[in-house]
Structure formats: structure tokens, C-alpha cells
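There are two complexes below, and they share subunit A, which is joined by subunit B in the first and by subunit C in the second.
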Partner chain A sequence: MADILLDIQGLSLRYATANGPVTALDAVSLAIPRGGAMGLVGESGSGKSSMLLAMLGLLGKGAAVTADAARFDGQDLLKVAASLRGRRIGTVFQDPSAALNPALTIGMQVAEPLTLHRGMNWREAMERAEGLLAETGIHDPAAVLKAYPHQLSGGMKQRAVIAQALGCEPDLLLLDEPTTALDVTVEAQILDLLDALRARRGISLLLVSHNLGIVDRICDDLTVLYAGRVVEQGPCARVLAGPRHPYARGLMAAMPVISHAKQRLTSIEGNLPDLTLVDPGCNFAPRCPFAVPSCAEPQALAGEGDHRARCHRATETAALPWPEQDQARVSMEAAPERRPLLEARGMSRRFAGHGGLWRSLDWRGGWPKLAPRKSVVAVDDVTIEVRSGEVLGLVGESGSGKSTLGRLLLRLVPADAGQLEFGGTEVPLRPSSDFCQQAQIIFQNPDSALNPHHTVQEILKRPLELFGIAKGAAAGAEIDRLLDLVRLPRSYRTRYPHQMSGGEKQRIGIARALAGRPRFIVCDEAVSALDVSVQAAVLNLLSDLRAQFGLSYLFISHDIGVIAHISDRIAVMYRGAIVQQGEAAELLRGPHHPYTASLLSAVPVVGSARSQAGNRIRLAENAMAAPGEKGCSFASRCPQQLGSLCRTQVPAQRRLSNGVMMACHLPDAQLETVSLGLS
Partner chain B sequence: MLVYAARRILGMVVVLFAMSAVVFAAIHLLPGSVAHMVLGEYATADAVAALELKLGLRDPILVQYWRWLSGVLHGEFGQALSIDQPVARLIGGALERSAVLGGMSLLLVALMGIALGIHSAVHRGSLSDRVLTMMQYTLIAIPEFFWCTVAIIVFAVWLGWLPATGYTPLADAGLLQWLRHLILPVICLSLGLTAHVSRMVRSSMLEAIESRYVLAARAKGVPERLVLLRHALPNAMLPAITVLAIDAGILIGGIVVAETVFSFPGLGSLLMYAIQNHDIPLLQAGMLVVTAVYSLATLVADLASAMLNPRIRLGGAH
Partner chain C sequence: MTAVAQKRRRRHVPLILVVGAAIVVCMVLIGLIGPWIAPYDPTMFAVRSRMQPPSGLHWFGTDEFGRDVLSRILAGGYYSLAMGFGATAISLIVGVPLGLMAAFYRGWVDDVIMRIIDLMISLPPILVGLLILAVTSPGLGKTIVAVGLVYVPIMTRLTRSVALSVLAQDFIEAAAARKEKTFYILWREVLPNVWPTIIVETSLRITFAILLGSALSFLGLGPQPPASEWGLMIAESRPFLDRAPWIGLAPGLCLCVLLVAVNFVGEGLRDLLDPRMQGRGHG
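For the complex of A and B:
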């Protein structure tokens, strides 16, 4: 092979815990050539992040790292890791808001490694830091140098983190989920930056991610980890085009893809194995639909050439289709009725700026003046309807007001303006218990949405009693019915939330929403905290329940892939306003609102991530509109902006020829060109 | 930041006015006449009437309050009833001695508390951390008057190293003698609070050490000493400062006890004296001063933590 920069053979990681030793990594091998890029993928608990920390020598005292060989540029990595950190190995951690020190300026944090490793004084280091910030695409590096992390947007923060990792010109950059905390359009910008850095500096990358699209976009090679073991390894393109290990196949098939929107997702049943018990055979066998008794034998990483899988049946099973485990009870294509169930007109909600009277005093000029209270528009004059039995997908970036709109529709947050009708009757600001029963919500994070002190039984009994559905023995039977509906064993009724996995907890969240026998459920990022395979199972469950009971969902997500998969109609939200809404298939086909187009083009799609990156629609940094101008909220970032018309006039909603509603000044002919980059 | 400081200072003025009303009301609106309180149960009607006239107690309550308040605003606290001295002079001298006692205690609490807290956090789970933890809980649980008594018995009575009670001014007796009188009260006052502060610093320091930004600093190759001092400590100090301000309030209560036990002529002793001798003007002024000192401590702490916290200092865009 060519010049190998990093060569790790048989790296293992063990922790001593109260329940005995845990094998977090089991003989992991990977090699990265100089200038190469390796992707390390797997679901949570697979050991990907531990791998990075083990390489850096930053695991705590309880961790024992061993390896047959661990060479970095000829040196023994495990021995000299401390001297390489920050000098020759740069690291970018997941969430830039957590990875930057809130008490230090960006300049200090970027310049610090230079003062430590390059012997520069602070002045020289600051000058260099300014150059680094400029190189990572920050427009006003001199100002950012003096800024504190809380003053920057997420994308800017991640650029600063990358700048601080690059300072000492490392040979290898370790990236731990570098874009997971960012919006999809920002994510695309960071991926562009990483690509450019690689080309310009010849730097090697080790990219840890759960997102196969991102890995495909950036990396040459791919390693798939499952429960601490490498199950598949090879060139990115070949692994993704034809995954051989059943786990890798399942992972690929579980991803919702925009182009195959209505296909049922495959999910991988079961949970990660108990890492305290080392399984000498295949540790995926208990979840594998192709498992046979001989899978209990030790498995070797084998295959043709450099594409290898740890499965002795890889060749046999390649031709077999993935078996359908949970039969869809009713077909996905239950045609929704046309009757509107919930109608909201002119919904608005502002949130006051921080503080009360004191904050609103303007102290400039010595004496206090009463300044107009600053407020943030979360939802701005939104008119929307959810029809009976339909899924309305609501997509947009963080801060676009999606969750607030969801809560407004449930009257959980009082609206400043607008009317709400449910089933043909007006819903007052303080809704009746009847409305509360029929309109329910499923939250994003099941950890914080379930009371940790209550058992499943108590969690589910409360709405039953509250809405007078069942009491006593009848409630017990009803709880069993709910657990059956969400496909959990009835024995779970005595469990506490911490005794369940993330997917199981979210099923309880769904069961709780179903307890009142609702007609309408707001799913607020209901699958965003889940791993891909679990997400697939929960999405399938939601589809089945909807078909079974004729439920309507408002499905809120930042992931347009998930939205495309589950929705009948889609609404796209930007800064509090709906910019486009219509039938899912028509809306996705185009023409697109410029914002919708940028969202769609930013998602890295496995198989075409690289070619697509070239055509991506690039947005300006998230700038605020000039004060006093009240035009289209997207105008300041819109690549198609028409000038003063867009900046000064709010575009009206109009119906396109395919029935999709859109709020944009662009004439139809020009809208067609917006979408060209996507086909 | 300036806006923030101005708001906080204005807020403090409001609190002081409110407190002056509460202090005044607590004494004047309680059942029983003030004159009876001063003169005792068996005072003659004439004596009571004379005193009421002298103190203006027959005026409407708001007039009395205004008279007292405008005096206070002019620095006029009036004349003490039980000693023939102006209240202002009595309080001024006592306040100075108590400030020395309290200031030294608070300094010791801050230095020791922060140092021990950092030590425990860095060496978490070690023998020294476990021993410290046990000692801290013991010290927090046992009130200071116990330590005062123990200290007097051990260091003054048995060993005879230090004086049990009293005070000598710095100017008269020299530095050594002055210090010898301060050592025992300062240490007794500091024990419990040091334990409290070090517990808080330990937990906020642990939180900082386990944070992502500290991990990121280590990944940048920052040496461990700098990781702790530059990256973890500034973030861990914010809660520590708030705790110190709360402890300053507790310290004021402790000073009253310690001064009584050690016969230390400070504000605490003076307040006790005023209560025992029904010296209303002295009591009112003393309580107001205590309130003011506590408000000031809170204000200083808030401003200090705002200075350390860029989110407050600069305001936030996000």
C-alpha cells in the first residue's frame, strides 16, 4: 500500500465496571494512508467515539487500551499520543457549543496551541489565528478573534473549532460527528470546508459519524463498527454500493431516502449485546435475520481484495432479500380523507425578549428611555390545515418555529393571534378537556419526556384516568392494549424509564399519546434522538398506527429524508413563516422555493453525495435582515434574490400549477431553474 | 455591563429602603409600647409619658419613620438611650472591628475553600478527597459556637497559647497582640464556611473537568496544569462566587455568636447589648447596617460573577 500514516492493528479497549469488565473495542484494525480519509460508522454504543479517545490517550484511568500495533508515522501511537495531541493530530468534537470554552475568547482558544507547541508569543499566535479563521471561511476574523463562543452561530463555532485543530498543521484530523449538532445547510458548508482543507493541505481525516451520506461525501474508505467490532471495511463506494455484512445492509436499508419516499423501511430488531459478555462468535447473530447455528463460531474479517466483512455467510446472503419482520398490518397507501380535521388561520406568536421593564429601558444617552420591547417572532401569520387521516410533515432548520407552531396547534402555548378549528368547531385559548384528549403530542427526547420516578404503568394510567377512559381493572387491560399497540411486552408495565432503551422509551411516549384515543398527534422531532435502525422501527410503527386508527399527524423534523418518507403533504418553514406547502410528491418534485431547494440539495445522499456537492445551492451566512426592511424573511440568504422587491415586500402565498402553495416573488419560469441543480 | 451594574445598584437601594421600613416596623408596630420596652414592666406612667414625648412616640407612625429615615440619610442615627453616646460613633467603631474579623474570615474561607475544592476535584476518589469529604460534612453539621467553646478550652485554657476573650486595638498593643486576639474567632468562624465553599467548588470544578471543552483542551495538547487553571477554573469560579456571597450572609450571623463567646467588641456584641438594654435607636441602626453590609456583599458577588461571565458582561446574540 501507499505511504501509511496511521496503522492500527488489533486495538482493544476494556473498562472495569461494577458488573465486570466491559469490552468496548475488540481487536479493531484500520489504516489510513497519508492524505486519505477514513469513515468510522456505527450506531450509538458501537464504540466509535471511544476509538478516537483511545487513539488520543484521553480515556480515563479505568480504561485499558491494548493493541498488536498502533503506528502513527512510524511511532508507537499508544506511547507517544500525549506528544502528538494538538501538534500532529488535531481533533474536532461533536457539538461546538460544548467543545468551546465559554469563558475564553475564540482568539485565545485558537491561538493557544500555537503558543504551546510552536513557541509563539500571544501576539504572533493571535495574528496566525486570524489567518486560520479566515482559512476556515470566517468573514470577519479580526472581530471573531475577540468574540466569545456564545456570540457566534453554530456554524461559525464549528469553523473556529476546526481552525484551532488546524493551527499546528497536523497530519491527521480526528472528526467526531463534526456536523451532527448543525443544521443541514450549515452541515453542507462544513463538509465543503473539510473537502477543501483536505485538497489544499493533504491532511488525513478520520471521520466518525452515524450518517452514511456524510461519510460517502468525504471519505475514501469506510469501517463499520458494531458493538466494538469491525464488521465491514473497504473502499467507501464499494461498501455503500454493495454492503456485505447483514448489519451494514440493515443500516443502509433503514435510512429513509427522499427518492424512495413511500417504501417501508427495514429495521433491525433487538438491542446491542451486553458488552460484559464477550461473544466468541458473531455478536450480531442474535439480531441477524440470516443467522444460522454456525454463526456461533468465531468470524474472521474476510472478502475479496480490500472489501472485507466479518460474516461467513456474506456471499450466500448477498442474494437474499431482507426479510420483513414486522408485518405491516395495513397498507401504507390508505388514501387520506379530504376533510380537514384541524385548521389554523393566521397563527402568530411572539416571545418577549429577555427581562421585564428593566431590560426594555434604553440607557444610551445617560437617562433611561422606554425602548420598544424587543421580541422574537417565532411563528408569523401561519395558515395551515391538517386533514383527517393525513400526515403533514413540517420541516425547517432549528429556530424556524416548528416546535412553537406544533404547540400552538395544541394550545399548549397561547397564540397572540389567529383562529384554530378542530373538527369544525372553534378551539378557545383555554381548550376543553375534550380537545386535549383528542390532540396529543410525542416529544423528541424520551429521556426528559418520561418521569423517571414513574413506572410505565403509572405513566400510562394517568391519561386514562384523567380523560375518564378507564379505571381500576379496566385501566390494567387498557395498558396491556396500549403496550400491544406499540409492540412492547406486557411485562414492561413495571419498568422504570431507565430500564429501557431509547427506542423502547419512545414507544412508551407513543403509547401515552395514544392513551386518550386521539385523532390528532403532533410528533415533535419524535425520531430525531434515535439511531437509524431504531428510527426505522418507530417510523414504521407510527405509519401502522395511523393506518389502523385513521390518525392525523403533524410530523415535525429537521430531517427532510424522514419528512419525505412519512408525509402525505409537506410544509416548509423558515423563520416563523411557511414558505411552501403542498402534496409531498409534487412538492419534492419541484418547482421548489429557493429555501426548500437549498434544504434538499444540502442533504448528502449515499451514492451521489460527491457529485451532488458540486451542484449544491450555497446560502449566504445566516444574516439578519437590515433593520426597517420587512420583506421576505429568506431574502438576505436567498441566492435568487430579486433585489428591493424581495427585501421590502412580504411575498404572498400563491398556488402553482401543480397545486403547491408557495410564498416567493420569483416568476414561475425562474422557479424552474432553482430546482435544476437537483435532478 | 454598565447597564447591568446600574440596575443592580438601583435594586440594592430599593432593597435598603424596604429593609429600613421592615426594621422600623418590626420594633414600632409590635404590640406593647416602645417606652414600656425601654423602661421595663414596672415603669411609672409619668416616666413612660416623658420618654414618649422625648422620643416623639406620640406622633403618627409615618411621621416617626420619616424623621428616623431622614436622619439616617443625613448620617444622623441619633443618641443611644443606654449610653450617652451618639449611635453613629458606637456603630462605627464596632463595625470597623467586626469588618476586620469578618473580612479576615471571608478571605480565609475563600482561599482555603477554593484551594481545597480544587484539590478534591482533581484528586477525586483519592484518600485525601475522602478524608476531606468526611471532614467537610462534619464541619458543616456542627455549629460555630461549639468550635468557639472547644477552641477556648484547648488553646486558651489548656495550652494557654492564645487569649480566650477580648480585643486590643492595633495602635495600642502592636500587631502581634492584635493578631493573637483575632486568630481564634477567625478560625472558628471559617471552619464551617470553608467546608461549605470547598464542597461547592469541588462539584463545580468536577463539572468543568468533565466538560467537553476540557476534553477538547486536552486534545489540543494543553498541559494538565493549564487545563485546570485556564480552562476549568474560570468556569468553576462562577458558582463559587455566588456561594461566597451567600456565606457572607451566614457569616454575619456567625459573627454575632462568635463575638459574644469571645467577648469581642464588634457589631454583633453591640447588637446583643442593644437588645439586652432595650436601646431602640442603637438596635435599629445596627440592624440597618447589617442589612446594608449583606446587600453590599451580594452586589459585589453579582458584579464579580458578571465580570467573569462573558454572557452577562457582553450580552448575548445567541
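For the complex of A and C:
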């Protein structure tokens, strides 16, 4: 056995709450060898973050941590956690914007732990900080040292946070969803960095993530948590290749994968169990499709060698197919009609910068002069069409203008230029109530999408009455029908949003959008805030509803896996412009626009994450184009850039032989090579 | 049973609201019928029994002119309560819609409203009172309006800041996607989320209004001596604080009880109106 750095046996965590004690972690054991990397996965509420906080000794007063053994390099972790954290255990949290103090320079924040823990003076610490920033792959560390967090991109900030954690030469780095807040191309760079740090420094990692692809990319071992218990543990490759516990299997099957687009996703029905009631038997049994009465017996982690699962039927069920639980099964391949439903031509929208008249005085040059307001182009001359019964997937990084485009198509944000036609008629800037009824929206964040002061009934009744669909008792029946459609019990009509889970709230959001019997729905990152199993269920629901009612969706997402799963056609957006659009299968097969190719290559895919990392397309940092030059918006980051042509001329949309529209100066032959590294 | 009735029945009323409301109702009753149940004439001088400590004859003692303090409290409650509730109502009626409008329309509407509010804040309230006093004759109604206007800026700013965060939420955009009228969005979507904050502020404001009203009375605006407004009584008792503390203590105590009770009502109402504090255990 290798030299074990962290060895935790039977760690339990209980919180005292108003409803009685909650068992957040129940006898969790895990071990990380020196230089090893362990992944910790599970849906939200499974206790992943509690585990990290317990190891750091950062839990509040109401929490009671007990363990049979918790040793870090031979010391009792529970006793010395406070003295280890920041010194021998470094931590990187999810959101780098929240982890850095906006009022201090990066240099001060990276140097501060050095002065505190290593007794350096500020000068030495600053020099060391510069070295650390360079080590995390920041090109100009001296400049970044003096920068404030808001001047850096998300990826740069996360690098600075990692530099901060590395300062005291920790043996173990705890990473809590370190890339969840980042774009996929940036995420890939951070993962490269973590890999390199491991190889160079021999540092151990504990990576908490909901993304199995990332875990596969970085980690040797994998622990799957469910409701505070370890349900499966073993070497990453073996667990992911053949998950034994039904929960782990469900998680795997719930992930949309680009290569298996259009296959129905597996969803795990139900919710996490009530953690105030400790279930002596298998606590997954109520949601498990393979549950039998004997599952009520206490279960032990068992299995051959180091791949163990907490399921007594693991061997039997491994051979069984996953039973389909969704009631409504409609064929995914409903051939969409080819008539365009919504057509937008030359849509543009700029947003004025902050500040009114008084803040636009420019003091450069010593004298005040009135400067024109800065504006940001969110959507730049976009022409797009959504056909009847079709799902158009819109993919791109944050800030690419996807959401603005979605709102332009609903006339929620007035366009600066461009025409919009819906069902063959022109939609004016102030649309008719009829258009609003036909074109609806589903939001990303279920917490913000529902008014906390309205019951489900009030939420659903309003559009029914407003659009004159039903009143009084008829409205009651219609609400029941809507709840049936989104597969929620009718008793939910009296609930307030806070009484529902995230997935349930999202279903209410969908029901509200459906209430007016629309033909077109903009799904703005509609599944991005949900756990992977819930995401699968909501994606299935959206597919079914679309088949049932012939709906058209504009499906906006940053996750190209989700887009590939649900879309008939795909449009790729970069900095306000559509760089490529076409039939989903053709577009994914290639040839790809250089940006599409980088997006596709950046997604860590379970099973091939490591091999794929080698031939990933690497983008330059997100540099702004030189002022005055208006060429291809992607030119400054494009690895295939052709020089001044790309920088000075906007590429026109042209149709490739496979029917895909592409905005790129590269000749066809060269476009083929862009995609070669992928397959 | 209608759904609304079901919903109401499930809401349990917080105890703090019941206690607070009971005290406030008592105070209001006293304010209304006080003049008729007062044991003595509140304005009658009795030079021989000046500054007598509390006794069986005079429960709260007598003041520097020998007037019965209890009778004066009973007779003057009306002024104080009218001042507190009236002025706060004015600040709500004017301030909340202004705040909602500023938050909803933004742009120049916001600028104009907020600059006027800034102007109002920059004037010291006592000065405003004196200004009004200088051009008109004193009276209860005018004092109420003056005090109410003084508190408009606070209500507007508070409403605006809370409304801004509510308006940034997606359910507002959902309403816009249904093409709801502005009034519906402000009244049905925004206001319920703003109320809890406003109610807590209001419950504090009522007591401040009574005190400010008293200060204006003291300066000669509002109810004039020998009227027995509570704040005025406290102000008049100041010179005798060392010899006869009960003169100011009794009305002060009444103000305190009213303040605490109104705050109880405020907190209770906030909890009652917040669905998250209701029906726990369904989730």
C-alpha cells in the first residue's frame, strides 16, 4: 500500500436543527495516498461540502463530528485541523469572484498567507507571490500582482485563488467545485493546471464535483456519496466503466453525452431522504428501481478488491437494464415540420455602459471633456430561424449574448435593429398580447423564477385568466391538467415555492410557460441550475412536451452535451455573433468552426477524458481585439488565425457542402483539419 | 371551501402579533374614550396640590400646576396616537408609490424622484416644522402632515432599494413576457415582497413620528398648552425632573409601551405575510 496521507475512517457529522438532529454524514471512510487524487461526487445535499468543512474544522457550533480515525500524515485531523488549514491543507472554493476580496490587490491576497504562516516580510512574500502566479500559468504575474479582482477574468481569478492555496506548500488541496463557475474552455485550462501541479509538486487532491467527466479527467479514485453515506468507492476508471450501485449507475446514465445524442436520459425519481430519520437499511431504496424488501436490512460496503459498493444486489442488478419509469414515452424522432415559425433577421442590440451624464466626463489629458458613453455589443447582426416543432440549440460561453438573443426574440428586450417575424407576420417592438401568449420563456434559476409570495395555484391561474383560456372552476381544472403535464401531484397547487425542491420549482416554471398554450418557448439555461439526475428528468419532460404539443424551443445552454442531446439544429454563438449553425448531427460531425471545435474538445467526457486532454485545442487568453480593428470576433483567440484578413474583415456566413452555415475565413480544406484532432 | 379560505386557515397567527395588537387596541381605546373617563379635569389648576407624588388619589401624581397626570395622559392620548398613525400613514401613502415608481421606471423618472427626495432629506425636520409654523397657524392636522412629509424620503428610499432587488428577479420578467400591466407588476408581484421590510420600518416610524410631533408641539407647532399631548407633557416636565420625575415618567412609560406594542405588531405582521414562516413541515 502506498504512503497514505489522509486516512478517514467512519466519520459522522450531526447537526442539531429545529426538527431534530440531522445526520449529514454517516460513517464516511476515505483514504488518499500521498500524491493521489480522490473525487467526491453526489447530488446537492449529499454531504460533499460538509465533508470538506469537517476536514477543515470549519463547521459551526451546532455540528458534532465523530470519527473512528481521522489521520492526516499521522496526526489526528479532528484535533489539529485548525492549525493545518491554510498551511498543509489548501482550499479552493467554487466561485473565485466570491473567494477574492474586491478591495485588495491580487498580490496582497496571495502574499498574505505567506506573511501569516511562513513568517515572511511583505517584500519576500510579494516576490514569492509573483512566482506562485507564474506557476499557475499567469503570463504577466507582475501586472496581475497589482491588479484588483474585477480586472481579471474568471479563469485568471481562479488561478490566483489556486496560487493563494499553494503558497504554504500544502500536501493536500481541497477543491470544492473549482470549475463549476467557469466557461468550459477555461475549465479545461484549470484542469490542465491541476494535473500539472500534481505531477510537479506531488500534491494530493480531494476534488468535489458533480461533473463525472472532470473527476475522470483528474482523479485516481472516486467516492460516490448519497445522503451522507458512501455508496460506492473505488478506482475512478473501474467505477466509471462499471458502476455497481444503482445510484451511481443512475448518475452515469443521467448525463447527456454528445456521442449518444437523442438517446432518452435516465432519471432518478424522487428526492433525497429526510436526514432527520436515520434509515438503518439502504437509504436509496425508496428511489431505487431494483429495490426489494431485503433492502431494509443494513448494507455494508462490499465488493471485489478496492471497488466496493453499498448494495447487496450489486452483482444481480448489474446485468439488468435500467427500468423506464417515465409514464409518457413519446418518440424522440418526431419529424419536425419544415416551415419556419420564427424568423429573425439582422437582430442587433447594444447595452449602454454605466453612468449618466455626470459620469461620462473624461479626465484624461488633464482637462475634463464630455466622453461618449461606452456601449457593449451584446448581439451583433444575428439572423436566425426556428422552425415549427423544432429545437434550436444555442450554445456559447457566458457573455456571448445567448440570453440577450433569447430575449430579443421574445421582444422582452427591444432590438436596436432587425426584423422579427412570427408565424409569417411581423412582430412590432411592442408585441401584441397574442404574440406573448404564443412565445414564452423558461428561466435558469428556479428560485428566482417564482414569486415567493404566490402559491402554485396563483402562479398558474394568472396566465390562464390573462390570456382568456379559463376562468373560475374551469381554471381549476386547467391547473390540474398543467400539473399533470409536468408530472407533479395535484395537491401541489396550495404550495409556496419554498415548499418545493429545485426540480419541482422548475416544473412549475415550465407549467407557467405552458399555461398560455404557446407554440414557441425560449429555454434559457433551463436545466443548468439542476442536479444531473433532476436535469435528466426535466430534459425528458421538455422532450415529451415538445412531441406532444409540437412546440418549438430555442434551447440556450453553455453545456454542449445538453445542447447535443436535445437539439435538432444547433447555433454556436461567440461574442454576439453566430459563428456556425446547422443540423445538429452534421454540425457535430464537422467540419467545425475553430470556436466550436474548441468547445467540443474542452468538454471532459467520461471514459476518454484523459486521452482527450492531450489533443485538446488550446485557446489564447480571452484578449480583447485591438481597438479600431473590427474583424472576426474570435480572431484574437483563434489558433488557426490567418493574420490581417481575420483581424480586419468580418467573415461572411457561407453554406458548406453538408448544409451547415459557417462564418469563418478558413478555406474548406483547412476547416477539415480543425476537426481532425477531435474524433 | 374556497382555496383562499383554506390558505388563511392554515396560517397560524404569531403570538407576538396577538399580544402587540391587544396592547395597541387598548391604547387606541384609551385615546378615543380617555377624555370621558379621566378622573379629573385635565386642565384644572390646583395650586395647593402641586407636584404630588403618585398616591391613591392621584395614581400618577400631579404636575407643577397641580393637574392630575393620569387625567392628562388619558385626555392627550388622542393627539399622540393621531400624530403617530396619521403621519406614518401619510409617509406610506406618498413614499411607497414614489419608491416603486423610481425603481420600476429607472432613468430620468428615478433621477427626478430621488433628487427631490435628497432635497427633502437635506432639510432638518425641525426647520421644516418651523417654516410651516412661520407661514400658518399651529394645529394638529398641519403637524401630522409636516411630520408625515419628513418621513417620506425614508419610505421612498427603503421601498426603492428593496423593489430594485425584487425587480431583478426572473418572475418579473415572466410577468413582462405575459405582457402584464405595470400596475399589476408593482401591486401583485413587487409589493408583496417589499411589504415585510416596509412594515418593520413603519412600526419604528410610528414612535419616531410621535416624538417628532412632540418636539414640534414644544416649539409651538401643533397642539398647544394646555392641551396634554404626551410628547408635550414630557417636554414640559423637563425642568422638574429632579423634584417630580413622575410628571415626565408616566407619559414616557405610555410612549414606551406603545412603541414596544407597535413593534410587536410589525414583527408579527411580517411573519404572517411571509409564506416562508408559515406551514413549515410541508416542504
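Operating definition for what follows: the second predicted complex is superposed on the first by the 674 of 679 C-alpha atoms of A that agree within 3 Å, B and C clash if a C-alpha of one lies under 4 Å from a C-alpha of the other, contacts with A are read in each partner's own complex, and residues count from 1 in each chain.
We take it that a residue touches a chain if its C-beta (ideal position, glycine included) is under 8 Å from a C-beta of that chain, and two chains touch if they have at least 3 such contacts.
No experiment lies behind these values; they were computed from the predicted model shown.
Of the two partner chains placed by the overlay, only subunit C lies in contact with A:Arg495; subunit B stays clear of it.
Residue contacts after overlaying the shared chain place A:Leu466 against subunit C, while subunit B stays out of touching range.
Once chain A of one complex is fitted onto chain A of the other, the partner contacts of A:Leu104 are limited to subunit B, with no touch recorded for subunit C. In the superposition on chain A, contact of A:Asp95 is made with subunit B only, not with subunit C. When the shared chain is aligned, subunit B comes close enough to touch A:Gln164, but subunit C does not. Those residues of subunit C that touch subunit A in the complex are listed here as 3, 6-7, 111, 169-171, 173-174, 176-180, 189, 192-193, 273, 275-276, 278-279, 281-283. Looking at the complex, you find that subunit A touches subunit B at residues 56, 58, 82-87, 91, 93-95, 98-104, 112-113, 116-117, 148, 150-153, 161, 164-165, 174, 358, 363. Subunit A meets subunit C in the complex at residues 19, 356, 407, 410, 412, 431, 433, 436-437, 439-441, 443-445, 448-455, 457, 462-463, 466-467, 493-496, 498-500, 509, 512, 516. Across the complex, subunit A is touched by residues 2-3, 6-7, 211-213, 215-223, 226, 230-231, 234-235, 308-311, 314, 316-318 of subunit B.
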